[in-house]
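What follows is chain A paired twice: with chain B in the first complex and chain C in the second.
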Partner chain A sequence: MSLLAKGILKGMAVTAKNFFQSYYRKERLPTVQYPEEKSTITPFTRNFPFLLYDGDDAVDGMRCTACTLCERACPPQCIYIIKDKDEKGKPILRPRIFDIDTSVCMSCQLCVEVCPYEAIRMDSAFELSNENRFEGLLINRGDLLKSNDYYHALNPVEARETDDRIAAKNALAEAKKKARQKKTRLAAAKAKRPPSRLKKSPPAREKPPQPEKSE
Partner chain B sequence: MNNFFDLKLVELGRWIEAFFADFPSLKLVVHLLLCTLPLALSFMGAFAFTTWLERKGLARIQNRPGPNRVGIFGLLQPIADGIKMLIKEDIVPERSDKLFHFLAPIMLMIPALIGVGFLPLGDGLHALPLDSAIIFFFAISSLNTIAVFMAGWSSRNKYSLLGGMRAVAQMISYEIPLVLSAVAVIMIAGSLNAQEVVASQQISSWVGSGNILQEFFGRILGWNVFKPWGFAGFIFFFVAALAEANRSPFDLPEADSEIIAGHLTEYSGFKYAIFFMGEYISAFAIAGIGVTLFLGGWNGPVFSGLPWFVLKLFSLFAVMIWIRGTLPRLRVDQLMGYAWKFLFPLAILNIFLAGFYHFIERQWGTAIAMLAGWILGFGALQLAATALSRLNQSPIMRSKRVYQLVE
Partner chain C sequence: MSPVQTMPPRGYHLSKDELGADILEVAMGPHHPSTHGVFRMDLKLDGETVVDLKPVFGYLHRNHEKIAEDISYPMSMPFTDRLDYLCGMTNNWAYALSAEKLIEIEVPERAEYLRVIVGELTRLVNHCLLIGFFINDLGALGTPLLYALREREKILDLFEVLSGARMMVNYIRFGGVRCDLPEGWLGECQRIVDAFPAFLDEYETLLTENEIIIARAQNVGVVTREEAIDFSLTGPMLRASGVNYDIRKVDRYGIYDRFDFKIPIGGHGDCYDRFMVRMLEMRESVKILKQAIRDLPDGNIMGKAPKIFRPAPGEAYGRIEAPKGELGFYLISDGTPIPYRFKVRPPSFVNLTALRHMCLGHKVADAVIILGSIDIVLGEVDR
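Take a look at the complex of A and B:
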């Protein structure tokens, strides 16, 4: 009996504490009154993807190459890509149409993981409701494109990492290109020399340079 | 000065009646209206306020802000809810007993309002000043059971019926400790008249003395809760009242996690609102009679009368809300066992204790009676409670349990 009474009193004390502390302690009343105030968004909040571009012009600086990897990776298949072509019908490496359906996207971030060009990232904007439930919820290329500065404001750490990665990649590509150019130059120089000198030369470490065909 | 509010209200009533002095029959009608209409309206208003209070209180207990959109602090929320209920579709199950389905909420509402009429709200503020008001109150308030069972039966729904059955079992069982704990008070006061019961809860030699301190405490310390038998009786009464009013932790008839909403399952729209209101008003009535019997009614220092009654009533209701925010629902067998095997014998014992107290007081004075009551009387109650809980324990399982599927 006394056990029961003690238990009841203990429980009542707990609820009373919660009741009174909710008036003066923030952690006892964590509700955020949404339309008036918004809860803090951390850099790691992710809700919906957006496309990145460099420089000032959204279309020219677009990083996306329309490789459609994300389209194929997206589990609910809400990305829709059509490649761009110039007037002669030659494909250009960028999408002409890039749509994502907000009502279908499940914020899984797989498109971000899969993109080899760092062209797509997750945005933290969450107020995506719309008056038109068909076209309004289909976000197209123009609205998806956001500048790199926007990304820096959104998540500075990750944005810097991405930039570093891109810079490293560019540097690598540059170095390779230079090396290739050197090799072609070497090969050209070798071709001019008389064949008798060739035998005397030490064996090349690398494979003999081949004429570039691809570029 | 003391009963300022009550006297002014009574005067106001007389003043209005005076306009109809020439028409005796009309005067009677006006008199009846003046007795009943303000009472009914104010208790409906109190109901609206209490729904707000309950939602706010529960919300704060659960660390939420509660309703805060309609009006300041969400105070107009009950009005919004009322409008919502009014414009909702009123769905009646096709194969239900339409007449009784319709009558049940009314059947609940009427006794609740009559019960409220028996409460002495203040000095002279008493809609139905009968000499047997208290016994009448208990008689009327037990009509609730029929209304709830009517709702459960006529809905033609298994959940409703289960809720109705539970309600009948529970309300009839708890009526007994409820009335028995009231008997002690009636015995000591020597009257069934609610006003006299209230008047008996003053220390009369102090109240008239003119000494400010004695005036002040004479109106508090005379309350029955401050007497040993009254304190125990109040606890029994309060527990039984919670069960009578279907309030948590005894809200088994509408246990929403088990049987949807019990007898309310098939009610919607305005009928649901009426049902809801009826339940709240009967809870008010029971809390009010509790205030009258144990908490000194409208007695209180400085300005005794209506304000004190209202204050006590809402405090009691706040405790009910607090309990609702704290305790989980009982099981059916626990509920019935608690009423019959625990509260019932203790309430009977309490009647005897009250009798002894009364005679000791008459023989040797209040001080000795208090001492004996708090020590011996409470000792006896404690002993009885311990013995009862020992007796009620389920037999200890002696043989070792054998699990057949586990080696």
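Take a look at the complex of A and C:
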């Protein structure tokens, strides 16, 4: 060890540089005085899940169909779903109870990935402390449901992509439905029309039903 | 003699019969600032000198392996973040690698590059933090650690934008990665990577020539080359003892054969070498990052992974060079979607086995920095 302690002096120079520059250079002192001043969080930050609904009415516009895929994919098993029924006991495609225990949830986003209806998304809200550690942390359906506008405010890019995907899916389903309707209509028209005489041999299957029908 | 015996203070007691009056037993931990978590060292001291040491762990045991044997393969992915909670990305990667071996999924090139980028960023995060805490253990309270934390913060912000979380990232999937880069991410990453060597220069000026660090860390906790191999140490611990063994070069998993980088190797196997090897490794990581960002191709980020992960009966062991050493996942499948056996080979647990050997004959204060130089995370040691 040298008597001059050159290495220590060099280090002290670095410390002094950091100390003085922290007064006027942002990258030397990036801390934020938290309760008064909040640092910006990115729209991609994930905290706890919420459910999405379309339109104005939260229950009617619910995207969730209670398929329980997220319940089964959840690693710590924090989602609890019971399907809804109408007065006659016929099942409706929506959950009657949808609970998420945020004291168990580990914010892994697997529920978002498995959902085929784009119904569940991750929230960025923080400062979620609660006085009641049992009921306060168990979030039920009413509190979980958020409108699509909320999602657009939260993460505009992803929300737009999701909307496009849903629109494309709906358009495809519509086209399929139309095609099916057209097919059935054509088939019905075909069945009504008498077999064409131009054809040399009409299909064997079509012949037997005709006498039955006429009877 | 007074009938009232004074009780010894809590935390230590004398066992005169077995050891003789001058040997003192001290339980250091489990709640001790320098044990980096809930870890206990049962020390036997002759004055200030350590004559025996018993590491006691298991305080943070969370049943990771058994839980993983009750749930399906993809559901274990978020749990692997919690093993070594400082390097979530590399844990994800190791698990994905072994699962991909089990079912043979092809990973697209872009996903491989993204994995390398996040993996090397994780190495920077881990080494920054380790060096900061190592200096903290030496007695330089706060200042160098906070400089390191300041740089680490920038990389964690990158992770947050990319994956949604700073540490529990859950980013890598079987057959690729979860999502593509958001807009502007690569530019920000390039900026941070370009600015990193300047920080390393400053940090090295601050630390590497410091006479106190040299006096405290050199020739302390020596592990020779042969001993390091016998203890099956891996990672920077092994390389500091002079063994040229890096899984990135040995296995060349992923696409590591495409990058030009060197493996820093120490000569003495003492605490100073372990500190220096990590310092130099950060520079090599920056080199890899620059090449990966430059060559990042376009394309898919997800391979053809099956919707229900149901591997054929068999076994697979995937390992990577995690920042702390060899991290491996051993999976046995019996043909169901749930693993029959799920074994983790954590680097810091195996490295910790050399602790007693390294500490014998040193002072108590040296035992603290030897433990600091091993780089343990109790989430991984206890699982």
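Definition applied: the second predicted complex is superposed on the first by the 191 of 215 C-alpha atoms of A that agree within 3 Å, B and C clash if a C-alpha of one lies under 4 Å from a C-alpha of the other, contacts with A are read in each partner's own complex, and residues count from 1 in each chain.
Note that in this section a contact is a pair of C-beta atoms (placed from the backbone, for glycine too) under 8 Å apart; a residue touches a chain by one contact, two chains touch by 3 or more.
Just so you know, these numbers come straight off a predicted model, no measurement behind them.
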item	value
Which superposed partner A:46 touches (first chain B, second chain C, both, neither)	second
Which of chain B and chain C A:69 touches, first, second, both or neither	neither
Partner chain in contact with A:8 - chain B first, chain C second, else both or neither	both
Chain A: partner with more touched residues, chain B or chain C	C
Touching partner for A:115 - first (chain B), second (chain C), both, neither	neither
Touched partner set for A:30, first chain B, second chain C, both or neither	both
Touching partner for A:145 - first (chain B), second (chain C), both, neither	neither
Touching partner for A:18 - first (chain B), second (chain C), both, neither	both
Contacts on chain A seen with chain B and repeated with chain C across the two complexes	1-2, 8, 11, 14-15, 18, 30
Complex contact set, residues of chain B against chain A	57, 60-65, 68, 322-323, 325-327, 385-386, 388-389
Touching residues on chain A, where the partner in the complex is chain C	1-2, 5-8, 10-11, 13-15, 18, 30, 41-42, 44-46, 73, 75, 106-110, 113, 122, 157
Touch list for chain C against partner chain A, complex	71, 74-79, 143, 147, 150, 153, 157, 160-165, 168, 170, 178, 182-183, 202, 205-212, 214-215
Chain B contact footprint on chain A (complex, rising order)	1-2, 8, 11-12, 14-16, 18-19, 22-23, 28-31, 33
